[in-house]
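Both complexes shown next keep chain A, but they swap its partner, so chain B is in the first and chain C is in the second.
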Partner chain A sequence: MKLLTTSFLTCAVKTCRSSPASFPLHFRDASLEKISIPFNSTFLLNILPRIDWTALQTTAAELGLSAMLPSENPQDALLAAQEAGEGGMDIAEDESKGTGIDEEVLKKLWTLLMETGVVEGKLVCGNCGFEYPVKEGVGNFLLPPHLV
Partner chain B sequence: MSRPEDTLPPDLYYNDTTSRQYTRNTRIRQIQADMTDRALELLDLQQPSFILDLGCGSGLSGEILDKAGHTWVGMDISPSMLDVALQRQQQRFEAEDETEDVDVDEDNDNEDDDEDDEDVAMNGHTNGSNAPSGGGGDLFLADMGQGLPFRPGTFDAAISISAIQWLCNVDSTDISNTAEMRLRRFFDTLYSGLKRNSRAVCQFYPKNDVQKSMITKAAIRAGFGAGLLEDDEGTKNAKTYLVLSVGGGDISSAVAGMEGVDVEDGRQIREAMKSGKHKRGKSGGMVVEGSKKWIMEKKEKMRGKGKVVKGDSKYTGRKRRVAF
Partner chain C sequence: MLPTPDTSHVSFNTIYEPAEDSFLLLDSLSSPSEAEWLHQRFSNHSPLAIEVGTGSGVVIGFLSANAEYIFGKPITSLGIDVNTNACKATRETARKAIKEQNSSSDYLASACGDLCSAIKPQSVDVLVFNPPYVPTEELPALPNIEQNYRDEFEKDSHLLSLSYAGGLDGMETTYRLLQQIPDVLSGIGVAYVLLCAQNKPEQVKTAVGGLPNGPWLVETIGRSGKKAGWEKLQIIRIWREPN
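Entry: the complex of A and B
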């Protein structure tokens, strides 16, 4: 299961839906794998604005991968930079390049989000403590009836 | 037509044997592929997207999403189906490695042999380096009727091939697990899990008109704009697609020009209901409990909630004659 996917997962228990502690799910006894997926910047740029950066940082720290992650969402940083320095020339240049984000940073993010996956382990809800097992990269999100 | 939904719950029906048979059957595979292509056409995605595949089974539809360059997340309730999906993914990775080894020399002029790659893809082996290929899929073992465990605004689109009729399959007498409740949890969480201005296309086999309208109403209740599209209507190959849109975009434009489409717009229905309520407020009088008007309004309300309600007839709410 890609880190991209896990960064969108929340606890499925009804009472946890309203609680901020139910996101992100915390990793326990996780073992990782790396698969190679051809780099696709369009998809990455499409998905970047949706990622909750603080949560991703928490996850990366838990897995000991913080080094892979810039301190803030490159897209946010780009927006901030555009607002701060109103140098029209710079922006135009950035737009002509298409992204305006350093390719190196994007490649690193691609490796982290798309190519790094969890094979075995558990995802634990920070609110209710329910454990979702992950086996062979497949997450088990079936709930016992009393929690639905 | 046999309906597996009537025999067993999905996680038991699709056991190891059935799952393998289902995936190996070329006829089923062809139908699934056609329906997935049609669903993708209806979704009309402009760029590589993040797609939720509901009831992904052995990943037949996922492979097509992958070829179209999308990244997907699949959910299914049957462990055996997911097991088959994992094996197939494994096989494809191995096939990919082999083709990559062969193609090393041709990597420089890969734009010229796009056609060749398509041939390779048609044979069931995708070529990772040259063919347009997405980021693959992640699998989940989960029950859609329990709600989807995703953050709001996660997905660009959702597809579901021959799955949501299973939601109406209820094997317990638990009051919180009726077909209505399961549909409601499913559509509510699906609605929030999708991005604004996104679409979901669910192909399903409705058992009868009651079930069809129950599913559509549940979707509208969750806030979707919903349209039903039927291919090959009236034949035994009829395929029903529920096209759902989240916010903004008007579904009428999406299905315009397609034949046999009923558009039921949730917003219009809600507005109509609102204005109806408003009128009653102005006239001031409360409706007498037990009167015909009261009964009709209550039935309408229950229909709005997606409950199964008996049809109206001339006997509905009719005054009884005084016996003595």
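Entry: the complex of A and C
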């Protein structure tokens, strides 16, 4: 399960859905693997707008990977630059001109989001405390009958 | 014709084997008209696609591997099934298909779960469901974390029954999924659901129109097995006009 997955998961207990504490789920006892995927900056920049940065920082910290993550979403810096009329260019525009974002930063992010997998461990809800097991890279979100 | 993902590694003892319904989904979602619609819809946004009930993974593998053709750009994708065997099989199907097609799409993970219960609200851009749609007297219970089976046979038959048995009108599981749509779809999100004739498709479409946070639009975008004027299977598309 790639680390980016946690951006799209929450607790399966119905009453937790509306609670801010149920997102993101928290890793516990996680063991990681590194998967190699060719770096693709256009694709990465396409994904960044949908990421909740605060949540991602929490997740990275839990896995001891904070160093991989800039303090703010490079996407925001890019948008701010565009608004200030500095760059004014489209994200996917002309590779040669680049995106105005340090490629080292993007490569680290790529490694964090797309090349880091969680193989074993638990995902824990910050609201109800329920622990979802991750086994062989597959998270199990089925609930015991008393919680359904 | 886009290639169908290789599922030769999948054991069909507990996992649904790709059939007419699976292939109707592949054909409908990759038809020139649907691809054009999807290109427009996601012209400046790389979609997150989630398939519920992936089985072998033939559908989400196909969408991921051929995303550049279908959506005009690579996608990130996730698969959910109640059957952990299906979860693992799907991951492998998607990995192989993406590699084979040289796609830049990324299959993030398979998760074992009940429909979209563990999916973050408003996050899904493309939702696909080929449900257990056969009318049956009873709906099999969902497996749960504490599930224990008497033997392999009991386990296999339970998991297989979950792949087709749909309870009343074959719609019990599908209606639960439809009710989750307003909560999980993003603003530009779109859902594709397969129905069979016994599901009473016209009634289902009316129900979709009445879902909260609409107005919801619904249209049949693929059909197969036309018999005496009505089709055996159809794919409906459910979406909202972005404001």
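Criterion: the second predicted complex is superposed on the first by the 132 of 148 C-alpha atoms of A that agree within 3 Å, B and C clash if a C-alpha of one lies under 4 Å from a C-alpha of the other, contacts with A are read in each partner's own complex, and residues count from 1 in each chain.
Everything below uses one rule, namely that a contact is a pair of C-beta atoms (placed from the backbone, for glycine too) under 8 Å apart; a residue touches a chain by one contact, two chains touch by 3 or more.
For clarity, every value in this text was computed on a predicted model and none was experimentally measured.
Superposition model on chain A: chain B and chain C are shown in a clashing arrangement. Touch criterion not met for A:R28: it reaches neither chain B nor chain C.
In the superposition on chain A, no contact is made by A:K107 with either chain B or chain C. Common to the chain B and chain C interfaces on chain A are residues 1-2, 4-5, 8-12, 14, 23, 37, 40, 43, 46-47, 50, 114, 136-143, 145, 148. On the chain C side of its complex with chain A, the touching residues are 45-46, 48, 50, 73-74, 76, 78, 82, 84, 87-88, 91, 104, 106, 108-114, 117-121, 123-124, 142-146, 183. Within the complex formed with chain B, the chain A residues making contact are 1-2, 4-5, 8-12, 14, 23, 35, 37-38, 40, 42-43, 46-47, 50, 52, 114, 117, 136-143, 145, 148.
Chain B meets chain A in the complex at residues 47-50, 69, 71, 73, 75, 77, 82, 86, 93, 128-129, 133-136, 138-143, 146-151, 153-154, 156, 172, 174, 176-177, 185, 195. Listed in rising order, the residues of chain A touching chain C in the complex are 1-2, 4-5, 7-12, 14, 17, 23, 37, 40, 43, 46-47, 49-50, 114, 132-133, 136-145, 148.
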